[in-house]
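Below, chain A partners chain B and then partners chain C, in two separate complexes.
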Partner chain A sequence: MSDKLFSAGTLLPATIEEASSLIMQGFFPVGGGTDIMVRNHAMKKTGGRVKSPLFSCRRIEETTGIHTNGNILSIGSSCTLSSIIESSLCPAILAESLLSIASPGIRNIATLAGNICNASPAADSLPVLYILDAMIETAGSSGRRSIPVKEFITAPGTTSLKDDEIVVSVSFDSSICHDDAFRWYFRKVGTRAANALSKLSIAACTLVDNGIYSNFRLAVGACAPAVVRLSEAEDEINGKALDKGSELAERVIPVYTKALNPIDDQRSTSDYRRNTALKLIANLLSEGF
Partner chain B sequence: MHKISRPVNRDDSKNKSSGSAVYISDVIKPGMLAMAVKSADFQHGKINTIKKPELPEGYFYVDGKSFTGMNRASIVAQDWPFFAESEVLYFGQPVCAYTGPRIEVCEKLCIQTKIEYTPLPAVSVIEDAADFFNDYTIIKGNPDKSFKEAAQIFENQYRTGMQEQAYMEPQGMIAEFNEGKLTVYGSMQCPYYIKNSLKNAFNLDDDNVRVIQSITGGAFGGKEDYPSILAGQAAAAAIVSGKPVKIVLDRRNDMSVTPKRHPSLIKIRTAVDSEGNITAMDIDCRIDAGAYESLSGVVLERAIFISTGAYNIADVKVRGRTMKTNHIPSGAFRGFGGPQALFAADMNMYYLARKLNAAPLELKRRYLFQRGDISVTSGIFRDDIKLEEMISRVEEISDYSSKWAEYEKTSQAGDKMKGIGISFAAHGGAFTGNGEQEIIKSLVRLEWEPDKQTSAGGRLRILVSNVEMGQGASITLRKIVAEESGLPLEAIIFTNPDTDIVPDSGPTVASRTIMIVGKLIQDAAAMLKQKIEDDINSPSSVEKSYVHPPEFDWDEETFTGDAYPAYSWAVNVIEVEIDPITFEIKITGSWAVYDVGTPIDIKILEGQMQGGTAQSLGYSSIEKMQMINGKPAQVSFTDYTIPTTLDFPDTECVFIDNPYRYGPFGAKAAGELPNEGPAAAFTAAISQASGRMITEIPVTPEMLEEQLR
Partner chain C sequence: MNKLIKISFLLDGRMFSVETKSDRRLLDILREDAGITGVREGCGEGECGACSIFFNGRLANSCCIPAIAAEGAEIDTIDGFSKTEEYSIISQAFADAGAVQCGFCTPGFIMASAALLRENPRPTDNEIKIGLSGNLCRCTGYTMIIEAVRLASGRMARNV
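Up next is the complex of A and B:
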């Protein structure tokens, strides 16, 4: 391995090719390490698979920085949560969801790519990325792919990332967020005020023209093996009047009820997660945005 | 304010905040081995076989047979084995251990060790427990008669959960055995408990066991009991291997195997006469001791001795039992039985107020203890009790009564879910019952070392076995001696205790360090001052041992008399808001007034009160520790959520002036007091806000959702 890959004791490839070659040699990509560190420690104790050795993508130019290209906003996989939150290009709804993650110290080092690749049903960026129809841009020796976030995450803890690939960036059309008619909502119900994992979360956004919903989108986090977003319910709402919210709620709540399938665990109960998510949705619709 | 209350800089703040403090996990001894303990992955069963892997060169196996004395730790009772013998009684119980050069290898050997069990019936919760370790009954007055004559009888039951101490530094020990002498270093509250336990475990005499406290990063009671187990295990490994052995628990391991606060289930029947006066209570107090008795008997004593809370009830019958279940033995935790009993007692008064259509404060204040009243154990409250003054102060800062009236209207109308609660708490200072005079018999020593180079002409050394564990003992004990001797603070030396050097002044528990040990060193300082004045250039020393003030009477057989020499008091007010959709709870205000006698350092006390209140509010709300089939479900800080600075507001604290005649400069117990009252004030506030009578903590959004859905 060439010496230039090393800098201050960390493996730092400068190109996608170098990165995929490292993966093929058994290395794992790391962002801030805030998840890997915790996971590896637990794995060591239970005899599970430890992700080691690691390399960072932060010297690969394409993984850094936040850019726009027309309407498309692209966030490099090496960007920290704090840098994304502070960027003037970052829509408020995304910033709000990222601000709900962990604590300042962790946000200063953790990345959005890491949050996505964890593929945890409770990852707080995911509901917002689902409603923004975000694409995960990957690259590897087999070429480049652009995968909708919904397809990128295949099951709790697993993604469709191929063996030789890294995540290069996350992108979405942010023009809707700049529309005067844009309204958004994000709510995380966690175990405490900071450094807390989600019991459930809701992200929603819409355009409201003359009191009529269009482009309504809603996603529920931590209430099923994957984020729940239902076009059936969204179709029901689009084109309807904001002030008919209670009626709309009555119509779509059964749809969401069927789709939510939360678990009982050491942080909350299935009943609480389901009932609270449904109440938040009903309340959002009946109060209007 | 007494001049000793003025704050000074802590002597341990610099090394602890800069990271230069050396904790036990930082210590390396030449040739030192690592150690890992194999814990039972079974709740209750007879051990049939233990299949051990082959030992690599330089590795050793340790189990219950490695103890040349008894394989039982001495933690009040002598029943908890260092390693299981024929039977495993709880999930996580140590069965055996490996020691050797590399921790990874020791851990692997544990994973490779396979144990086969014959299952035995397991009991996981108090309700299902039939056996108990202790069964005590106390009677004050004539409760039978009052119940017979009662116009109304009310009955309710109260439940509190487990709580993890969550000290920052996990538990750790190093043991070495050289030329027949065993030396143990580690994170601990009670060096002499460990010393005595090791003497019994290895049949060693007094001169051949030495215990040295290392810098201790928090304890909260959690380092009162388990360090005796850990020290025994490390010592056995050091004796077997002939090398120094270190064991440090990582967080998950620590949370999985160490004792936590006793869950409780307390039933209270209350007799009320035809005029609406409370005449008697019949209290059935059960605490969940876990698999071994350990110190649960004493926790139970503290709970039942304060079982009517801060309220004077004329006729009382209390039965208390420590129930035997199959999980980690429950242990010491700041408050030691008090928080459970006070929660039940105070919530019961709230319940009675609701039943009798009275405002809670109005009912509660009619029964508050006053000087001259008789305690549950028929002791006498000899000192002034200033609860009325404390109520005025807390009203001034919190506006409790007008907020209560306002929320009473809004919560009835069912709009915003806001509530406010007030609670009263008492904490008996020092060891329970005859502990100080018959069991501990503290001895302290002060030594004068002349040194002409120093401006004071020498150094005065405090020799006690009480430890600095973050609570400020080091600086406050030094302040007491400085104030009494007239020497500058820099001339007073306090170092971590080493049992080869310090006398046994008792354990660092029960809020006794300042009140009891502080008084002894104050008296000794007065005597030594005389000697120094007579001859400043010669070394001199003074010893002082504890003498129980003669007016206090105690009968250990019948539990009658003065269970504690003095009580500290607290009034807490907590204000909450419940989100009507998610039932998330927000604490919007916290106020408290304390009577702890003279504060020895106002900053340190404020720290104790802020921290203790947050700890108690965590206990009441977000700190949920479930034992699922005897196995702790929350064993990391991801899942066991202790409060962060964002969760609760600061507590506005007031200290009233009420010096205690037998305390150093008038000081009495303080450290545990902030953990006693907040749970009931919080739960009363939640009850008002939700319109439900809440009788169980922790109060979680899940529980409220289930009740209010």
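Up next is the complex of A and C:
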């Protein structure tokens, strides 16, 4: 291809069709681009494969804004983490997890869709999106799809996004978060409060009616190739009394122990991750949110 | 595939255009093409905040912004910001608090301090720590920098 000048507008498509066409020509879509920029910079030093050229999806109308339709909250893929955190529509549990990502200057650029598409097992938004049963809305030349987040992420760094598709939005039923009986928990364990990737993270939420758990959900991040959410453990807790937390912990900790399979890496060790995750879960149940 | 694109944005209040690649770092455009060397490269990984700018009025790490994202944006650097009254107050506070040693991180810290004080004119110490959490200083430690933001906050309040 020639090196002739391209207009910037070409790389700021306004429609899904134009975006699909750019992808098929070899362009990579970015939301904020913060992670790709860091990776590319590192790759240039080591001679690795750089994701280039890039285009931005921010002028595609349906990737912008945060909307509600009935109980469904929908977050456009071009929305920055800061804009989501600052939105009155954003549930506190999601805001808390997004505030744990990077630092203010990155959160003003980076997007939630980017955090999801990176598909890092340590992505801080993922445990919360798993317990909210978030759906990833995609669009491409073959049409639109709505994919549960746990199916969207297929392996570390890999998603089920097809070649010609972009993520349009992330949506979930937020009504549970507005229930008076709703309680939530989010805890990220990292080396420092800002700019640290997680050693592990835990998100949990539940309804508590008359001291009884219902709709209990818990997800563990960075302790297996994918976020761990176990219906077997959740079923065990639902319908039980909050003040029987220590007994509940005794019953479900073995279930979580079996499912957690963390790795040793530069951020932490397998043993530390597993032990800390299990202690946080046991503590959460004993203290009863 | 590596075609050049023409990117235009408002830089410190003036239109600026450059022909570049879509994935070039805004940091490199600012330093190499616009000659604004007050925007520093520290880590190049979004960790140190030395390259902090205002991107559409919000604090941002310019090492993490691809050129294509800058098209049509309003970008303010330490260069333009240094001509404002806000800057005078903050930089004087940094000097008075002894918050500058080698000075490499200082432009980034001043931008982050300004962004914080715009959003929250009377921050608590904890809010200052969060506001500056994306900036690293390897000389002074952070006590004097936090003191500088406290000083600037007080002086701005008196100036109103």
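Assume the second predicted complex is superposed on the first by the 279 of 289 C-alpha atoms of A that agree within 3 Å, B and C clash if a C-alpha of one lies under 4 Å from a C-alpha of the other, contacts with A are read in each partner's own complex, and residues count from 1 in each chain.
Keep this in mind: a contact is a pair of C-beta atoms (placed from the backbone, for glycine too) under 8 Å apart; a residue touches a chain by one contact, two chains touch by 3 or more.
As the structure is a prediction and not an experimental result, all values here were calculated from the model.
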{"item": "Contacts of A:34 with chain B and chain C, given as first, second, both or neither", "value": "second"}
{"item": "Of chain C and chain B, partner touching more chain A residues", "value": "C"}
{"item": "Touching partner for A:266 - first (chain B), second (chain C), both, neither", "value": "first"}
{"item": "Chain B versus chain C as contact partner of A:193, first or second or both or neither", "value": "both"}
{"item": "Touched partner set for A:50, first chain B, second chain C, both or neither", "value": "second"}
{"item": "Touched partner set for A:102, first chain B, second chain C, both or neither", "value": "second"}
{"item": "Which of chain B and chain C A:258 touches, first, second, both or neither", "value": "neither"}
{"item": "Contacts of A:276 with chain B and chain C, given as first, second, both or neither", "value": "first"}
{"item": "Overlap of the chain B and chain C footprints on chain A, listed as residue numbers", "value": "38, 41-42, 103, 193-195"}
{"item": "Residues of chain B touching chain A in the complex", "value": "107, 111, 250, 252-253, 581-584, 622, 626, 633-634, 638-639, 641, 643-647, 701-702, 705-706, 709"}
{"item": "Touching residues (chain side chain A, partner chain B) in the complex", "value": "38, 41-42, 45, 47, 103, 189, 191-197, 199, 266-269, 271-272, 275-276, 279-280, 283"}
{"item": "Chain C to chain A touching residues, read off their complex", "value": "1-8, 19, 21-23, 25, 44-47, 49, 52, 55, 58-61, 63-66, 68-69, 71-72, 112, 115-116, 130-131, 133-135"}
{"item": "Chain C-touching residues of chain A, taken from the complex the two chains share", "value": "1-12, 26-27, 30, 32-34, 36-38, 40-42, 50-56, 58, 82, 102-106, 108-110, 193-195"}
